[in-house]
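Take a look at the structure set out below.
In order of appearance the chains are A, B, C and D, and numbering begins at 1 in each one.
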Amino acid sequence: MAPTKKVGILGATGTVGQRFILLLADHPVFTIHALGASSRSAGKPYKDAVKWKQAKPIPANTENLTVMACVPEEFKECDVVFSGLDADVAGDIEMAFLKSNLVVFSNAKNYRRDPTVPLIVPTVNTSHFDIIPYQRTVYKQSKGFLITNANCSTTGLVVPLKALQDAFGPMTHILVHTQQAISGSGYPGVPSLDILDNIVPYISGEEEKMEWETSKILGGSDGQQFLPLTNTIVSATCTRVPVIDGHLESVSVKFANGCPSVEEIYKVLEEYTTEPQALGCHSAPQQAILVNKAADRPQPRLDRELDKGQAVTVGRVRPCPVLDIKFMLLVHNTVLGAAGSSVLNAEVAVAKGLI
Amino acid sequence: MAPTKKVGILGATGTVGQRFILLLADHPVFTIHALGASSRSAGKPYKDAVKWKQAKPIPANTENLTVMACVPEEFKECDVVFSGLDADVAGDIEMAFLKSNLVVFSNAKNYRRDPTVPLIVPTVNTSHFDIIPYQRTVYKQSKGFLITNANCSTTGLVVPLKALQDAFGPMTHILVHTQQAISGSGYPGVPSLDILDNIVPYISGEEEKMEWETSKILGGSDGQQFLPLTNTIVSATCTRVPVIDGHLESVSVKFANGCPSVEEIYKVLEEYTTEPQALGCHSAPQQAILVNKAADRPQPRLDRELDKGQAVTVGRVRPCPVLDIKFMLLVHNTVLGAAGSSVLNAEVAVAKGLI
Amino acid sequence: MAPTKKVGILGATGTVGQRFILLLADHPVFTIHALGASSRSAGKPYKDAVKWKQAKPIPANTENLTVMACVPEEFKECDVVFSGLDADVAGDIEMAFLKSNLVVFSNAKNYRRDPTVPLIVPTVNTSHFDIIPYQRTVYKQSKGFLITNANCSTTGLVVPLKALQDAFGPMTHILVHTQQAISGSGYPGVPSLDILDNIVPYISGEEEKMEWETSKILGGSDGQQFLPLTNTIVSATCTRVPVIDGHLESVSVKFANGCPSVEEIYKVLEEYTTEPQALGCHSAPQQAILVNKAADRPQPRLDRELDKGQAVTVGRVRPCPVLDIKFMLLVHNTVLGAAGSSVLNAEVAVAKGLI
Amino acid sequence: MAPTKKVGILGATGTVGQRFILLLADHPVFTIHALGASSRSAGKPYKDAVKWKQAKPIPANTENLTVMACVPEEFKECDVVFSGLDADVAGDIEMAFLKSNLVVFSNAKNYRRDPTVPLIVPTVNTSHFDIIPYQRTVYKQSKGFLITNANCSTTGLVVPLKALQDAFGPMTHILVHTQQAISGSGYPGVPSLDILDNIVPYISGEEEKMEWETSKILGGSDGQQFLPLTNTIVSATCTRVPVIDGHLESVSVKFANGCPSVEEIYKVLEEYTTEPQALGCHSAPQQAILVNKAADRPQPRLDRELDKGQAVTVGRVRPCPVLDIKFMLLVHNTVLGAAGSSVLNAEVAVAKGLI
């Protein structure tokens, strides 16, 4: 069956845009119809406009597409528009697309705090799609809407936390320390002189994002507004490490209603199922959470590509002397942590009949 | 003035042993008199027995010393014996040396829990030397004694914690996450296939060591026994990262008596002074704690060599939403975190008249 | 169609053995029947015997196979035996297997110089299979035989050289400098302290291997003996670099019959076809040589996985002021450079009716 | 004795400029008097203008100096001006300084080919200073002059080649392959995504520079013009590797007058002495060439800091089957390969009475 939905990609020459192109190269539902980038690239064949940095080559059906300017007229035939735009330009462009009645799935941070824009991690809170009808009334659109996905580190964090919250009730305290891969900062991104034989113990704005995004994503929605967690405190520390792909996170949590055992937690993580799986979405992982009980796992280089990069690997669950339980998780920051979330969110939206 | 104290080095061919040799190459008090290693090396000139892995060459006064077996008779002229032995052999050898009335400063973990053996970080708890007279009565020695220094990660942690404890009273909770350099596991140590483009989220035994050593070091001594902290809970997570030297640690703490401000904490850290400085010890850092308020410091490659590797650099002091305060620290794991502690401890012992 | 040939893997727990298992996981012709390793591993399920270091998990059909000792009786049902054994044990074991009338494809160096054992790079000299009937008479076997494949660096080198030799006649001088990945030395292999922020400018025995193996592989065979090149001088320099997979080689050559143009060379490389492709072998690359004319290619991380790791990427063809022409090539050292060569060689042998 | 010569540094905030500041921090002859950088930095205290990337902190006597614009008036009191300017601005600025009768030592490539400007590696061809009187007449200056130093890779190459040329006569062929550290491209320089787990086999313009600079430096001077080598062919291949500091080079050479033995070559390298040593210059290495006969040396991380980074380490001298002899060398690319050459050249000029 041929793909039936035409998609556009904004910021197609950037690192997130390149991931979109790989994820959509042989997609059963989506076919790449239009590519958008800066005016410097517009008018060129994609292969000439891009500094391609992926281990797989540019797909043959994309390399000769002409890059367009990021204006709605060029994308009006697109059923879905994926945005990998940088935050400094995403605000105006994405709003123009939304107001042109287009469907936008954005990786940028600009509208994540918007009270009618869902912040969706596809294996966590696809229930937040229920606000779309209301969003359309606010922005006066018949079929367009705007969905954001979360910061790459937040994305990894909320997947196991959602499983734990569903099973054991609310958490009062969450303390997380990240070791983030260089691909998270795009290209040219982190200078090699800063990160070879080194760690940079700071990523601008990242800790704040992790702290508030977690609350919105793990909270509810009543169809007209989001109901962020109010009794959960999050403390995040974020560092950059010399790893290509894959964010490793060390997490300690405290539960409001008493501490489950390590075995109970492993069982809940292993049995966690999600809506994209139930809907049979193409990019859904077989398991949203992969448990690895080896003493020294997860590891970025060994675990990041598992299940197409759409799963979160969790290991080292053990008691935390200070809070209740601690564990480590790994998320592929440019797949589930970025473009992969957008694509899976869009698949869910198609399955729900929103597109 | 020529050095007056003869020293021996056990485990002289290992990575800690190599650091001892560099630290003692031009020392004003200590002169290298004897080198000990395994029977495989004994009898060879040092330069032929060692796989030298330091950026500085083997000091000229050491390269032709004949390596000895690690038996007390070969070291009986030594005023001080430094041990860089691995734990699997350190137990028997160090005890034999102690029982031969020799003075031993050990990096090994074997006697750290011994109720009469001090576990001393030189810029933290040199007051624990007060147990030596009692130790001598227990082991029936007239001048010999045994001092251990702490695990490399613990060493970095307790320096700022001691400053905070002195100023603001006890801490109830300490949560620490480490990113540890490969040199911490010796040579050949970590296989490159395990750590290039990767992180290993586990170091065998390390988390337990950090949790109990902190309590012994930050606790008191009454001259006959140690009084570890009883109301302080420590939770440690330890990881290995692709960095040559320098352990980075992210720390959150909660105080029993209320939370000081960030400014108060910086002031206390900057003003912290220690006994080795007061005694004018050769290897004492100018400042036991170096404060760096830049947003992205400390960093291993830029800060590890400061103040001869004997200082701890602290930065990013800020409120912790979950506990009270969080900050980051960097310690040179093979200098202050290993051989440098031993040497400075020995200098203090000389200054105190114990040797 | 179900696989019809049963295969065994010797040295199955090593890094080459692990590659064999991945390459044979879903193979149309070969099915894994027996795994061999040291006596320490024998009797255990594979998943318990191995320290698995691959980014893909252990295939489900292999993880519970019981590891056997490397003795012919345990492999007598195998149509093909692949050997990833270390050189220190491969000699005796592989000879025992050959003398038990088994078919062995070996990665070890032990029999590469044997006058009746072919040294075959599958996209270069499958014509050397013509010596098998004679080898069988020498070793008095009816169906068993022994094939070796080349050192990983030699393998990359000879692919473009063969294309050039076929087109432009013999080369008088070949000068090659390698930058070799750490996976080439197995596990634990290169200590991380030796290679992080460093290069090791020496690999024991490697330069000699490149120099003589090239001559045997690029030479002929008359069905009873090999006819190595006699008028071609090879000079090799080999270094180890902090790269996971993929050997990069810089090559300068001088031709006996005058120097072709850069354009002619690119054309010959692009048009080079090989017997495994003609025979339709499953593991044959689509192109044995991938030409990349970008100024800064090939690069290990971007090009090593192309065409399943079975192609050699060549770029930067340009005049050499000292010899005639220089260029750079990249070979995946553990695929085409090791297990991938063996598997493809075996496929060719099946297609030729030798198995 | 207090320093007597005032120096200025152009491009003081760049990576070469930072090295100048460290090299001149406690210099017996030179004292830092003025710092120049772009208009963006001018007017600021140095510590606020610079992104300091060195492991040693900014020297106390420099951190509060006010950065100036790079115009001659601001530097008129300087006896010496060191330039670490980028090539895109160095041309006009350095010429303006020269024409203002200032003494300039430049790291930039702009005037290296100028027929009256020496290209001097201080441990190779300080004899080329003899053209200064003639240069002054050409540029009509009484005391100003302009000296350039060589590309970092050329610098390492010519030191042992000069020793060999002096001893064994001219070389007809030189083939060199480099593995260059990331610090060679400044800051931000090489993106980490390009070089982690990777090699970039191309550095723009570098191979050409090595080929012609070698000829000028190893050639003579008659006081009015340079006499580059005319019968020596150089072929260079340059690559970028994930190493912080230290360029490793693999060299093969052919001599016009027959091939000396390996022992003869080692002897010549070990006994090589240079003019900066004879003149007693402060920054001269104890030995211009350090021979290391270990099988696996030189290595960047272990050898780059030897002799203050001003020596070249040579090892692995052995016959080259294609040319005569091959060997490996290591040069510290930002010390002897850049700022260290300039400083030592200036010391020689002072000793010769030119300043």
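Of note:
Heads up, the rule we're going with is that contacts are C-beta pairs under 8 Å (C-beta built on N, C-alpha and C of every residue); 3 or more make two chains touch, one makes a residue touch a chain.
These numbers come from a predicted model, not from an experiment.
Of all residue numbers seen at the chain A-chain B contact, over half occur in both copies; the interface is built from largely matching residues.
Counted by C-beta pairs in contact, the busier of A-C and A-D is A-D. Seen from the Cα centre of chain B, the chain whose own Cα centre is farthest off is C. Distance from the chain A centre to the chain B centre is 43 Å, each centre being the mean of its Cα atoms.
One finds 40 Å separating the Cα centroids of chain A and chain C. Averaging C-alpha coordinates per chain places the centre of chain A 48 Å away from that of chain D.
Shown for chain B are the residues in touch with two or more other chains, namely 53, 196-197, 242-244, 301-302. Interface residues of chain A, counted against chain D in their complex, comprise 15, 53, 182-183, 187-197, 242-244. By the touch rule above, chain B contacts chain D in their complex via residues 53-57, 196-197, 244, 301-302, 304-306. For chain D in complex with chain C, the residues that touch the partner chain are 173-175, 177, 179, 196-202, 204, 211, 233-235, 237, 239, 241-244, 248, 250, 252, 295-302, 315-316, 320-323, 326, 328.
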